Amino acid sequence: MAGNTFGNIFMLTTFGESHGPAIGGVIDGCPAGLEIDVEFIQKELDRRRPGQSSITSPRDEKDKVEILSGIFEGKTTGTPIAFIIYNKNQKSKDYDHLKELYRPSHADFTYDKKYGIRDYRGGGRSSARETAARVVGGSIAKLILQAQDINIQAYVSQIGSITLEQDYKSLNLDSIENSLVRCPDDKKGTEMIDLIEKLKNEGDSIGGTITCIIKGVPPGIGEPVFDKLQADLAKAMLSINAAKGFEYGSGFESASMKGSEHNDTFIKEGDRITTETNFSGGIQGGISNGQDIYFRVAFKPVATIMSEQVTIDKNGNKQKLKGAGRHDVCIVPRAVPIVESMAALVIADHYLRNKVSRL
Amino acid sequence: MAGNTFGNIFMLTTFGESHGPAIGGVIDGCPAGLEIDVEFIQKELDRRRPGQSSITSPRDEKDKVEILSGIFEGKTTGTPIAFIIYNKNQKSKDYDHLKELYRPSHADFTYDKKYGIRDYRGGGRSSARETAARVVGGSIAKLILQAQDINIQAYVSQIGSITLEQDYKSLNLDSIENSLVRCPDDKKGTEMIDLIEKLKNEGDSIGGTITCIIKGVPPGIGEPVFDKLQADLAKAMLSINAAKGFEYGSGFESASMKGSEHNDTFIKEGDRITTETNFSGGIQGGISNGQDIYFRVAFKPVATIMSEQVTIDKNGNKQKLKGAGRHDVCIVPRAVPIVESMAALVIADHYLRNKVSRL
Amino acid sequence: MAGNTFGNIFMLTTFGESHGPAIGGVIDGCPAGLEIDVEFIQKELDRRRPGQSSITSPRDEKDKVEILSGIFEGKTTGTPIAFIIYNKNQKSKDYDHLKELYRPSHADFTYDKKYGIRDYRGGGRSSARETAARVVGGSIAKLILQAQDINIQAYVSQIGSITLEQDYKSLNLDSIENSLVRCPDDKKGTEMIDLIEKLKNEGDSIGGTITCIIKGVPPGIGEPVFDKLQADLAKAMLSINAAKGFEYGSGFESASMKGSEHNDTFIKEGDRITTETNFSGGIQGGISNGQDIYFRVAFKPVATIMSEQVTIDKNGNKQKLKGAGRHDVCIVPRAVPIVESMAALVIADHYLRNKVSRL
Amino acid sequence: MAGNTFGNIFMLTTFGESHGPAIGGVIDGCPAGLEIDVEFIQKELDRRRPGQSSITSPRDEKDKVEILSGIFEGKTTGTPIAFIIYNKNQKSKDYDHLKELYRPSHADFTYDKKYGIRDYRGGGRSSARETAARVVGGSIAKLILQAQDINIQAYVSQIGSITLEQDYKSLNLDSIENSLVRCPDDKKGTEMIDLIEKLKNEGDSIGGTITCIIKGVPPGIGEPVFDKLQADLAKAMLSINAAKGFEYGSGFESASMKGSEHNDTFIKEGDRITTETNFSGGIQGGISNGQDIYFRVAFKPVATIMSEQVTIDKNGNKQKLKGAGRHDVCIVPRAVPIVESMAALVIADHYLRNKVSRL
């Protein structure tokens, strides 16, 4: 009800403020008997952390996840899996000047209006630090999916006006993690890095898009009407900090297409029913059809910039503001594991939900 | 869990197949004491119905909503509001040839794979007829919102490649309902109608987009983290049949913007805190900031077309298929009240949820 | 949230007031492929109806259930099953004198305080008429359970001070439905009937208890911690109008027992692990252990009596009140199918929930 | 879904096994602006802990609660309140002999059947240690209720056959915490202590009952039909380890009462509508009527006893078993704060739910 839980059967609840003692989460509904590779979880978390390279925030958070329950002798027991990541090196003093200030395009003002109180240190609960807990939850969801041969991969498809136009099928998705910006095209990746470096020098920030592909989802996953697979994916993506748009399959392009062009013709390949094209993005009527599911998410530029801005404080007085310290110029590369994690939470949850669709 | 309920406090459950005895719904959680204008509900339903004009489906459904409970002496009593719309003139025989056929880009195949059984008549549960129940639910949500001076208006902003580029602020939104295609720009509206007529003659169909504006939402509505206002709007929109994308505020455009351009500067106007620009689309950190909320939804072309297509049947045999009878060339104009209804459900629900955010 | 839905996967939502146009419900989450015996549903409903015999309310409601969706060619399709029972012969005029009156031990006062408005005709939503919808829902749950060889039987074990002391194992449960009071012991049943007839003449009413036995639940059903099987059964039973207490297995007797007496010793019978005694009532740690589940529910006497009572009206003025027309002296016999239905809803829901407890 | 969350608006999720690194919980939905008295929380937790006196388990757990999030400068912020209690001095080795053993009337067998895996150390998740997290959650719920002048007090009303027959109104409830067995009658309390000491020497255990009184609940709290206040209280109570029965108001006694005796006559006292008697236990139609809410919960004897018992192991082989170490002879006195905590969770949740019942 207060919005800190995601999922229906595989349920992730996250908690924590960026400058409180710890962040973390509880997964309830993970089936018993799943082998848990703790190293894989930590590795996923490392993919999200700041300080990975020259183009990400220089904070070196070295987040370490500790699992508190729900796993016994390397396997899930069916009871809640709680985990915690202690916050380190938070310099709360750094934030005293923000106590009464409303930073532009941040959540300071809206939290104040909603709750009448807020932890102003580092954005408190509205900080993207919360997404670390999603990555832990998502990594366990991925373990469920991997056991079903379902795989999720995301990459940066746009930074500013540098856009990767190619279809994902012509890209080498195995090269994503080799790229500092998580772009599977070397040339475009280099341009993106150059743009980020340039904006860093200018004290500015930039937006981008992420494309995500989910392979191996069997037909039949997704619940019709309100919990269509694309609806839950859209919600998952728009719940990520800075996300501004979602499209799947043909997406916004479909608005200018004719039915005769857009319809995916069914064909038989061996014993398997498949489609010639995949404008449907692997989903028809809210239910997976066995084709690749793919979608794209837009992210706005980071709101904290290193140039001076004018804003107001709690009392409506004009104030000057300049970002200080350790901030990403572009969070899109670091958002790649978050997009994958949220996708994994959706698919794992729907995979389990589908287990009760037939007697 | 099976996906037929929407909302957390104001909860709409819908039921019904397009060719069963009736469709309908139950609203649980509507506060007591709300005056119910049954004519308004019927009027909203009429905005969605086929047969409104030459460019919509010629079926004249004349859906009539009957309210079965929850209203006493013209007011809600706090108990569930059930309503029913009987299905009339369904010619189930018309659908016998579809019994074993998988229509391209329809949900026949996926329902079969999920449930092992499906009501094939007119798409059954996957038919857009289900959205009539959403419009009834949405109209009651609108009555809650109107009492708070919150207003929702949607219009057609694109059909095929005919696009209304103007900002919604420069449009006369009061003229929307005067337009057959629900486009508030006469010239563009005429072009859209011409395009639809042309495609009708060609036996084809076309996609489009809808823009929706919500005015009057006070600051503080929306739940952070997973149930951000934009996340629930995205889910609501992507749950509509044929929807393929969602963006709010600056949307996909934000991907190519710099922080210095995109940040919405806070200013004080009299006693009220407002922002100079509204790239945020009225939402910051998942919570309304008092500015207009606006978003855009993409719709694919109708899958049923009047030209011959090739497909396969249940057994994988090739079959020819040609749409017959009464189908829209473009459902986007009729989707306008559905978009508004889903938006109303989201905002009314979050308006009520916010009532427990402070002691 | 507003309390009109029961269950987590197999979800029943009920609606309707006793003197509105109709009551009914929607079942969401019934698995596809279940054969629906509509006659069985109607028969279950008939077991609950008034006018069955000289000792029940003389109203002859002849409730007829109509199914509106979710069933196709005799089988569930996985989509919501909506059903409706029209209210007939409601004489709303009969209730005009109750408009401003608070009947003792009825919900008139509390509904008024909660909602500020109420449908005063025949108790409105608080009428036990609502339970007809539960019986429809419960009968479909029973069909799921019967397919798993799980059977539920309840009987009247006490009316006033006439108590059936015997263990259920020594009773002929097949004879329950032959008894006007649904008591499987002829002698006690006759005494109960005599008591009810006597109180009818005195214009009074009487309470009682129901015992329910669930056979065939396999080990492993129930969710630990908050959704223990007994917790959900307790909630289900206490949600029935007039229910005042619940105990399972050894129940309140266990308070005076020693551990050495109470522990159920595990033994092996052939290949099956069983227990020598069953004080646990078939549930350990909230999860079924394969033994019979049994529990007892207490019901208070009907609040409407045919003798004159003093009460107050909305304005606090003293008023005299005398029940008129058609009321049960003792609702316990008619509550038997309601207890069974609520038990079926709990077990069917937990049976489905358990399907996702392991990978 | 997996049963580790309680509540609808004020939601408590608990986690942890008795011999894992920690237990704890997350409260989501606590309104912002509530002053948190951490000492009060710790004091409540101390009321539950073992080692309080000669009659409780000699383990001296000294549980210390650490709050990780959701509180800033002494007040709730509206974000999730996570808390953790580290497990200390767990001697897991002590439990090696239980690895394959099914202890009588414990949850070993049923967890194994459900999950195929279990943490056998000290009962794992099924240990009553989990209830420490409920007490933390309940203490925060109590703070919400205290601000509304709603107070909850429970006491031991029976141990074995020693029963406190008096009405709660004639007891001095302020003396409860002065009694080692939490019995507000000195004489009965002494008898209960003697009985417990005697059974301790015999290596046996004993059951009992707890009575709970909730004062100050305003009329209008509770949701009709399925989430009646008594239904949610019943579920809450039956979810406590070892609970076997629940009755409220007249309870099982009502079964032998006549309507003319049982009806609570409405009267006016000054401006306030009240009732002459309170057989209804403060609830009519599932909604509070402003009178005291009172109920009784039965607890079975502790399953672990210090005498030798026979049982079987995983493979069905007979084994001898004798409880060792640190176990309560009677958990009822320590269950008093747990009963109060669960009641507080129910009332706080329904108090908040009621805030959206009217426009």
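Letters A, B, C and D name the chains as they come in the text, with residue numbers starting at 1 for each one.
Following the convention adopted for this analysis, a residue touches a chain if its C-beta (ideal position, glycine included) is under 8 Å from a C-beta of that chain, and two chains touch if they have at least 3 such contacts.
Source: prediction; values computed, not measured.
Undergrad: Which neighbours do subunit B and subunit C have in common?
TA: Common neighbours, subunit B/subunit C: A, D.
Undergrad: Using only the C-alpha atoms, find the rotation that maps subunit C onto subunit D and quote its angle between 0 and 180 degrees, to the nearest 5.
TA: 180
Undergrad: Shared interface numbers for subunit B and subunit D above half of all numbers used, same, or below, different?
TA: Both copies, subunit B as well as subunit D, present the same residues to each other, with over half of the numbers appearing on both sides.
Undergrad: Quick check: more C-beta contact pairs in A-D or A-C?
TA: If we tally the C-beta pairs in contact for A-D and A-C, the bigger total goes to A-D.
Undergrad: What is the distance in Å between the mean C-alpha positions of subunit C and subunit D?
TA: Taking the mean C-alpha position of each chain, the two centres sit 26 Å apart.
Undergrad: From the mean C-alpha coordinate of subunit A to that of subunit C, what's the distance rounded to whole Å?
TA: 46
Undergrad: Report the inter-centroid distance (CA atoms only) between subunit A and subunit D in whole Å.
TA: 39
Undergrad: Can you list every residue of subunit C that touches 2 or more other chains, as numbers and ranges?
TA: If we look for residues of subunit C contacting two or more partner chains, we find 1-2, 4-5, 8-9, 14, 29, 32-33, 78-79, 114-116, 125, 224, 356-358.
Undergrad: Across the complex, what residues on subunit D touch subunit A?
TA: 1-2, 4-5, 8-9, 11, 13-17, 20-24, 26, 28-29, 32-33, 66, 68-70, 72-73, 75, 77-82, 84, 114-119, 124-125
Undergrad: In their complex, what parts of subunit B are in touch with subunit A?
TA: 1-6, 8-9, 14, 102, 104-107, 109-111, 113-116, 125-126, 130, 158-161, 199, 204-209, 219-228, 230-239, 241, 243-252, 254-268, 271, 273, 275, 279-281, 283-290, 298-305, 307, 309-312, 316, 353-354, 356-358
Undergrad: Sort out for me which residues of subunit B touch subunit D in the complex.
TA: 1, 9, 29, 31-34, 78-79, 144, 147, 224, 352, 355-359
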